[in-house]
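Going by the order they are written in, the chains are A, B, C and D; count residues from 1 in each one.
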Amino acid sequence: MGKFNRIGILTGGGDCPGLNSVIRAITKSAINKYDMEVVGFLDGFHGLVEGNYIHLDLKTISGIGYRGGTILGSSNRDDPFNYPSSKDGKEVMIDVSDRAISNLQDLGLDGLIVIGGDGSLHIADQLYEKGVAVVGVPKTIDNDLSATDVTFGFNTAVDTASEALDRLHTTAESHHRVMILEVMGRYAGWIALHAGISGGAHVILIPEIPYKIESIINQVKRRQWHDKKYSIIVVAEGAVALGGEMVVQKLVPQSHDPIRLGGIGNQLALQIEKLVKTETRVTVLGHLQRGGSPIPYDRVLSLRYGVAATEAMVAGQYGTMVSLQGPRIVTVPIKEAIKILKKVDPGSDMVAAARAVGISFGDEDQ
Amino acid sequence: MGKFNRIGILTGGGDCPGLNSVIRAITKSAINKYDMEVVGFLDGFHGLVEGNYIHLDLKTISGIGYRGGTILGSSNRDDPFNYPSSKDGKEVMIDVSDRAISNLQDLGLDGLIVIGGDGSLHIADQLYEKGVAVVGVPKTIDNDLSATDVTFGFNTAVDTASEALDRLHTTAESHHRVMILEVMGRYAGWIALHAGISGGAHVILIPEIPYKIESIINQVKRRQWHDKKYSIIVVAEGAVALGGEMVVQKLVPQSHDPIRLGGIGNQLALQIEKLVKTETRVTVLGHLQRGGSPIPYDRVLSLRYGVAATEAMVAGQYGTMVSLQGPRIVTVPIKEAIKILKKVDPGSDMVAAARAVGISFGDEDQ
Amino acid sequence: MGKFNRIGILTGGGDCPGLNSVIRAITKSAINKYDMEVVGFLDGFHGLVEGNYIHLDLKTISGIGYRGGTILGSSNRDDPFNYPSSKDGKEVMIDVSDRAISNLQDLGLDGLIVIGGDGSLHIADQLYEKGVAVVGVPKTIDNDLSATDVTFGFNTAVDTASEALDRLHTTAESHHRVMILEVMGRYAGWIALHAGISGGAHVILIPEIPYKIESIINQVKRRQWHDKKYSIIVVAEGAVALGGEMVVQKLVPQSHDPIRLGGIGNQLALQIEKLVKTETRVTVLGHLQRGGSPIPYDRVLSLRYGVAATEAMVAGQYGTMVSLQGPRIVTVPIKEAIKILKKVDPGSDMVAAARAVGISFGDEDQ
Amino acid sequence: MGKFNRIGILTGGGDCPGLNSVIRAITKSAINKYDMEVVGFLDGFHGLVEGNYIHLDLKTISGIGYRGGTILGSSNRDDPFNYPSSKDGKEVMIDVSDRAISNLQDLGLDGLIVIGGDGSLHIADQLYEKGVAVVGVPKTIDNDLSATDVTFGFNTAVDTASEALDRLHTTAESHHRVMILEVMGRYAGWIALHAGISGGAHVILIPEIPYKIESIINQVKRRQWHDKKYSIIVVAEGAVALGGEMVVQKLVPQSHDPIRLGGIGNQLALQIEKLVKTETRVTVLGHLQRGGSPIPYDRVLSLRYGVAATEAMVAGQYGTMVSLQGPRIVTVPIKEAIKILKKVDPGSDMVAAARAVGISFGDEDQ
């Protein structure tokens, strides 16, 4: 194990509570236990390609475990295999992976730990195919990775969304309104499901269970008949109507006014307000779900992931990523791990439990 | 004081953390100390006009002090002096204040306590002019009432907004973004000012200090020059550009897609993104600021307000509202109290202090 | 399944965040899905023996899901098989289980769901042996039950303890002190382990790893040498010195002054203060760990447990308790479930991870 | 104003949330607005006497505003006018104030800002008498300073205590217990009063209102008669029985066992348990009240204090301390400011309000 004198770390993709805690755990274990040197590339693969990095020592990482975000920064459009470049004044995408690899060699790095989502991990795997000693740490706030029971950051996001539902409850009740909370989850509805159960939502809409607007309207009306004049709906951004398509959200500057094509939340609000004549309000939680200090659950999980990544590197388990399976942290090949999305199973006990206490998923027949 | 056998309470206007705590304090003190009966009208003045009410006893109010919202409900368009009515199939607005007053008499109520904002308090004062024994409790989450040092709910809203800024900080920093948080404050910027200072904003935009977009851009760029690649902007919904007008936010259904005319936050985002070529994201905090359990500061203040309202009623101080002045709760005539908005003084020590630590208000010359 | 017209619920043993949420989930699913009637016995088995109960309908349980505690109450010394009774003016313990069972029959109850720790579940199992249709829901804040991956309440307790550590950190650092936090965990150190990792403790002491005082002193001194003049120690109440015995904590009234035999925390403080000449302070977290609103993780888990208990009852799985195994809720025989304590494995990856980032367990040789 | 090129800061006395925020505000305003240099003495006056200090620049103070504690450290027994020294192998107390002053001069410091309680401010005033340009910032978590409406840190401590009461509530209720929470407040009961009102205590005991044990017992029993089988008592550490003396809390090592002379909380518990035969439990909140991130209210207040201290220095207002009076920060002579303790007025509207909603102060006749 004399080989590991120096390793590099980078964080890729969207923000997620716990990234700094992973960085700290990798660095501390690498230095304390294996006497390595650790460098951190700045802004994801961008720093790897451009050779931008900082030295990570015990002082640099002191106190970062409780802070959200990543001290290394992150970026988009930084895939070394498809990297923006300028040619004849025009932008073209080229493969600069050799430059990335030669940067690793110039720095004398014996290995690279990539903390990122499926995009970043796919790049990590391609680097591994080209001979780099790579270990991955999975990062997705959506918890939609099959290879691991839970991902760090997810429970912090659920906490944020659940607290928002708590807040909306009282106003909805006082004003007899329908309140809609739009949360993250483009392909999987985990945040909506957990936060909806925890925060006492009356309707939960997730990508895995296409909804019928009539079914939602029925739930709202049924509650009104029982003198519960308000309803709380939590909707994953990727929820779709039966037979419909995902509503894409974007900012379109138009004449003088900024115009915003509303997401699924706003679309639902207009439909519901029209159909049940009840004031309906939407809150889009957005970036608030990605920020903030990780809750204890995620602090513990990210520490375990980080130390396990150092150990996997030392053990020579290249091309793998760390993963929680039951009570244990194991390693799995990145290639297989990123293949399958973990979706909410409509037949699972959790969905059934939610239905049993009266939560609608918008798919019930009357 | 044998006169006070029975009083009524109602809550009017928008939701505000602490309403239930005021209801509890009035009811408990009226029952415990003065052996009164208390009734609560449902949904603000609507319940007074329609004769909808519940009896408030010690059991009804048990445990409500910590819950946001109002167990009495609230409503819009319920002014007894301008009340929606149907005539020949069309809606007309008529004066039904006599019906309201006769409802009070039929119920044997010796007085009415109105918890509400300037709209509701104005109605309360008109009822007082017509002979009703009225006492008011001021309620505005915006803290923009001159007659009182602080209003309940305000510090809870600041807490919510400040926590949101904490969350946005880490993501802004990790992704080198400009993050904009739009908070409440149509005419006064108190929430933006307090939350901005507390949450470490780099720019605070409030109605009282018209901004120049160039000044904001300068602050963002100055930070970038100093290698702080991100900036946090908190903007009150009523903030205006120098020489500009307030941006009105509304939902406009158009063809099949819901379209949302963005508020000031979205407008700023488009301008900034264009002028500094930096990813800019907006979070509209909206109703989250009005919900949730009141923080201890507001629990204490609303309890004091509630008990003081009972005492003012017993002392025969009709036509007044309770108010915090220094360490003391006093009463002031409603008529005078609702006249003047309390705005942020651009020359105050708090604004100066914010500037001294480097916060821009968007009005600086370069 | 026509059989289940009426079931009873009771909660036994110490308080635990999530109890109300389990009660709500059982009741809601029993009523909504199976049209049953539900009664709740008051103060654990005491209510069963004495015939004290309330009807649980949808109104009774409205809004209780977020509240800590149990609306049914709990008690000690209420074992029907060993119940305090008065004979000739003296207290004797007798078997009144037949009375308990006949109460169940008189009320027309088809089954009994017991939410409780190993003591309560053992009683539940004995009732099952005597023919009662019993289903159990495991409850232990200490998370020390082998049959289930996690118990509800545990993560809320970790949250409370972790937040306390966050608070102690700053004071310890400012005043160069050793700060000791004593947390629950008589036989298993799960709370100390998770909170210690999450809250950045420098020493974690748990029953599973006997400590040597010299090893703790070394960690404190090593930190001082590295100019970290403070240390944070989290100690489970059941932690023991190598070769020593558990320190029992009790209140002893003595002459005029109340005297408190300190627990392990105080004992350690005196030793450390003497050996390293550093101000040392102790905080005993105590009951704060058992109270408060359950965090989202526990709200979801307790809802699933509750619904699963109703389903197990309907499916006729008497003598079993519900249990989380991986992503699924299953049932296991109570008899087997309560046999084995789940202790922290000193060789687990979590303990190793903690050591790798420099946390001492007080057992290291120098 | 060319005079102020360099100033020093120190923090004295016990920990208090907001200290770092004051340090940050002084430093930022001194550097940004007046182009000064700032040094921070380490561990209070100890650093001033020994010449231990660090340079405070924008980087040093980056991000400290939200952290509890003080990056400068604090200490006891560091009064330059009564400083521990060694003479003939014995410790004697001597006056080293000249050494402190000459250290200031050697460092070229034009002024010294002292953030501290009455002890530290008294020393500051003595230095001022000897010619040092001193400005004070008042710091007391107990809020017991007459010269200022509120002190920073107080509302954070109230928050912590109130949350603890929320947690104790549910357990008390579930187990029919009397729960006692002992909070800080040796001479003034502000924390107990505010937290007690906010957290729904049934009895509040403060130094300003001597209690009779019979009165407390009556409140507990009265509640039991009304089927409220539990009671919550919050007691300031300095609360005294009518005609009694303050209970002093200390650790006494005795033979092999650590013995703890319980404080007022434990004393009460033993009395109550004996007199009402109800399980009674005590939680001593202790240091938890001094730690943690300041809440927004305190972040804003401490920022204003810090900037005002810089301004007072620049304006030549030596020998004064900054102070909040109504909406404004003013300066008052230290000498007068530290003379009078601000105690809870038993006749104030807040105490009356608490009584009106049924809270006992332990002084009622039956």
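Going forward, contacts are C-beta pairs under 8 Å (C-beta built on N, C-alpha and C of every residue); 3 or more make two chains touch, one makes a residue touch a chain.
As the structure is a prediction and not an experimental result, all values here were calculated from the model.
Trainee: What chains, if any, are shared contacts of chain C and chain D?
Mentor: Where chain C and chain D might share a partner, there is none at all.
Trainee: Of the other chains, whose C-alpha centre is the longest way from the centre of chain D?
Mentor: When every chain centre is compared against chain D, the largest gap points to A.
Trainee: In whole angstrom, how far does the Cα centroid of chain B sit from the Cα centroid of chain D?
Mentor: 32
Trainee: Round to the nearest whole Å and give the separation of the Cα centres of chain B and chain C.
Mentor: The mean C-alpha positions of chain B and chain C differ by 42 Å.
Trainee: Any idea how many Å lie between the Cα centroids of chain A and chain B?
Mentor: One centre to the other, that is 34 Å.
Trainee: So which stretches of chain A touch two or more other chains?
Mentor: Residues 166.
Trainee: Indicate which of the five shapes (line, ring, star, complete, other) describes how the chains touch one another.
Mentor: ring
Trainee: Run through the chains and report each pair that touches.
Mentor: Here the touching pairs of chains are A-B, A-C, B-D, C-D.
Trainee: Residue numbers of chain A touching chain B in their complex, please.
Mentor: Going by the criterion above, the answer is residues 11, 14-15, 17, 19, 43, 67-70, 73-75, 160, 163-164, 166-171, 173-176, 179, 251, 253, 257-262, 266-267, 269-270, 281, 283-284, 286-288, 290-293.
Trainee: Applying the document's contact rule, which stretches of chain B touch chain D when the two form their complex?
Mentor: 24-25, 28-29, 32-33, 65-66, 149, 155, 158-159, 162, 166, 194-195, 197-200, 295-297, 299-300, 303-304, 306-308, 310-311, 326-329, 348-350, 352-354, 356-358
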